[in-house]
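Two complexes come next, and they have one chain in common, chain A, joined by chain B in the first and chain C in the second.
Let's turn to the complex of A and B:
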């Protein structure tokens, strides 16, 4: 099993006219893991994904996907044999039936997995004889997911995969992602549904205004981020709490609230040294961490 | 075996899984020689990354509570050492229960007691 990153980009940039959609992105995605790509609308998620897939050319910067260089046409074609992709503007043939669409896609992929196809057809309850053009948005998304999953690619890139799916559809999607990862597929998916990210992702990359503002494993985030609420008779100067890991301090009357990305033990010790009358340490969910990171940038 | 993972309580999911398996071994919900579901099966059932289950299993194997047999899953090993640990945990539980009762009698509410515990646990050992 290779330990080389499945995606690696360095100072990647993309401008549309005078607008910088992605401005100097540095990012590395580990293999055999489920990595979530989080960001607000317009943060540069889809532009990044399109550059990774060679659908648009970067304005500058470099990168590799499965070791193939971005921007090299031959390597890009080779890379796409091992990468499957699902997006909102999925290209499907509206005049084909579901069955024809599956058969058509299958013919391009010698490593097609019939058992996955059959299993997902049953789970997603896709109508084989209906024309693709007559499918609902949710059904269309499920068909696109089936076509990607049944290829059992080395890398699966999903752009907002849960959009237009109902709660049951989302649950089935997450289960398929877990199953596929168990078989050795690396998964990179963009989302703004933090609750689903928190459940299945191993790693999180947060992009904001075209730059990476956070990159790490969810386990580490869970263990290190804490909100510490302190009460003092005489509130010390905030400077006393500007320790490594302290991201934000707010003071209100006798209370002080500290948002720390680590090192909360040192904050608690400092608080004791200043005779805090109450010390309250609470974990911070991914939603708050995400909002905090996005706000401060 | 039933598990309940909480993705927002500030604790890595693999640690929650480890604790719940240990707890099941302590209470007798899981017994010596019992088999746990395979990594993939459990990951799909809990809808968590297979890496979470793999990490929990491999850490528990390291602790000697699980034996991973290739292709046939994970088996509980409740040795004398882990029984000794079970006894220690039971003694500790009694102490904690006593302390909590004392604190309640002094007028503290559950939430206040929980915060005191959480804060005390943050301090370096």
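Let's turn to the complex of A and C:
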């Protein structure tokens, strides 16, 4: 099993006129893991994904996907043999039926897994003879997921995969993602749904205004990020708590709230030194971590 | 399977165009046939087929412009280009399939209506020689290749689901108007498609040899240049 990153980009940049959609992105995605790609609307997630797939040429920077260089058309074609992508938009070919769509896609992938196709056809209850244009948004999304999953790719890139899916569809999607990953597929997916990310992701990358602001294992983030609420009779100066790992400090009356990405023990020690009357250290959810990192930047 | 996709994408437009061309060109021959003097000699009768050919050539240009509405730029506007571009095929191959299917459709849109016209004429006991039919089809297709390639290029440049055919139709009408003048007629691909130049015998209304290979080569070369430009545009474009 290779340990080389499935995606690696260095100083990747894309400008549209005067607007920098992605500016100097450095990122590495580990193999055989589910990596969530988080960011606000317009943060540069879709642009980054399109650059990875060769749909958009980077303005500058370099990178590889499964070892194939970005910006090289021949290597990009080769890379796409092993990468499946489900886009944010639910559009496929409206003029084809579900069966024709499957037959068409299958023809490009010799390693097509018929048993996955049959299983997902049953699970998603897709009507084979219906035109894609006549399917609901949710059904189109399910068809796109079937076309991606049945290939059993080395890398699966999903852009907002749960959009338009009902709760049962989301559940099926998350189960399929975990199942595919356990069978050796690396998954890189963008999402706004932090609850879903927390359920399935192993790693998280957060992009904001075209730059990576956080990258790490979800377990490590959960372990290291803490919210520390302190109460003092005489509140010390905030400067006293500006220790390594402290991201933000807010003071209100006798209370001080510290947001730390690590080193919380040192903060507690310092609080004790200033005779804090109450010390409360609480773990932080991904939503709060995400919002803090985005606000901070 | 890319050919299959290109075929499925254009099939409704192609079928409508083919039925329309066959119906209209046959109807034209049929209605002219009822108007002609029974004593009309063969040479004059050829005029009927020439008029039908001119109508066919004009309609063929419109049909091909409509057929070439499509491709990656239109898919981008409709939202399905992400799926196409994620397939393990180069953009050049995607374009080649689209051009290949378009060429086949363009040829059949000229040949089948001409066969229909000849069949309708034969019902009335009139014959039209096969070399003449082939000559007409040759000038139609070679001159028409410029319009075909122009529509391809416009569809590769212009965003919007229906903007491309509107722009293409605009260019076709501009060419008709600007190059319709007698002095500029030799630069008009449509006039060449009509077969109205020095190759027509004014008495018999037949196209006379030798086949104008040089002009055929010029129009086809122009078409190839436009198609090459369209492929380059698509290869370099961001989607």
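Quick note on the criterion: the second predicted complex is superposed on the first by the 295 of 297 C-alpha atoms of A that agree within 3 Å, B and C clash if a C-alpha of one lies under 4 Å from a C-alpha of the other, contacts with A are read in each partner's own complex, and residues count from 1 in each chain.
Going forward, a residue touches a chain if its C-beta (ideal position, glycine included) is under 8 Å from a C-beta of that chain, and two chains touch if they have at least 3 such contacts.
Every value quoted in this text rests on a predicted model; they were computed, and no experiment measured them.
The superposition on chain A brings chain B alongside chain C with room for both. Using the contact criterion defined above for the overlaid structures, shared-chain residue A:175 touches chain B, although it does not reach chain C. Once chain A of one complex is fitted onto chain A of the other, the partner contacts of A:50 are limited to chain C, with no touch recorded for chain B. Of the two partner chains placed around the shared chain by superposition, chain C is the only one that A:80 touches, whereas chain B remains out of contact. Shared-chain residue A:263: touches no atom of chain B or chain C. Touch criterion met: A:201 reaches chain B, while chain C stays clear of it. Of the two partner chains, neither chain B nor chain C is touched by A:8.
By the touch criterion stated above, A:92 is placed in contact with chain C alone, chain B being left untouched. One geometric descriptor of the composite model is the angle centred on chain A: between the Cα centres of chain B and chain C it reads 150 degrees, in steps of 10. Applying the stated contact rule after C-alpha superposition, one finds that A:108 touches chain C and leaves chain B untouched.
Annotation: superposed on chain A, chain B and chain C show a minimal Cα-Cα gap of 26 Å.
No residue of chain A lies in contact with both chain B in one complex and chain C in the other.
Interface residues of chain B, counted against chain A in their complex, comprise 7-14, 39-40, 43-44, 47-52, 115, 118-119, 122-124.
On chain C, the positions that touch chain A within their shared complex are 1, 4-5, 8-9, 11-12, 78-83, 85-91, 235-236, 238-239.
Chain contact summary for the complex, chain A toward chain C: residues 50, 53-57, 73-74, 77-78, 80-81, 83-85, 87-96, 100, 103-105, 107-109, 144. Taken together, the chain A residues at the contact with chain B in this complex read 32-34, 171, 174-175, 178-179, 181-182, 195, 198-202, 218-219, 222-223, 225-226, 264-265, 268-269, 279-286.
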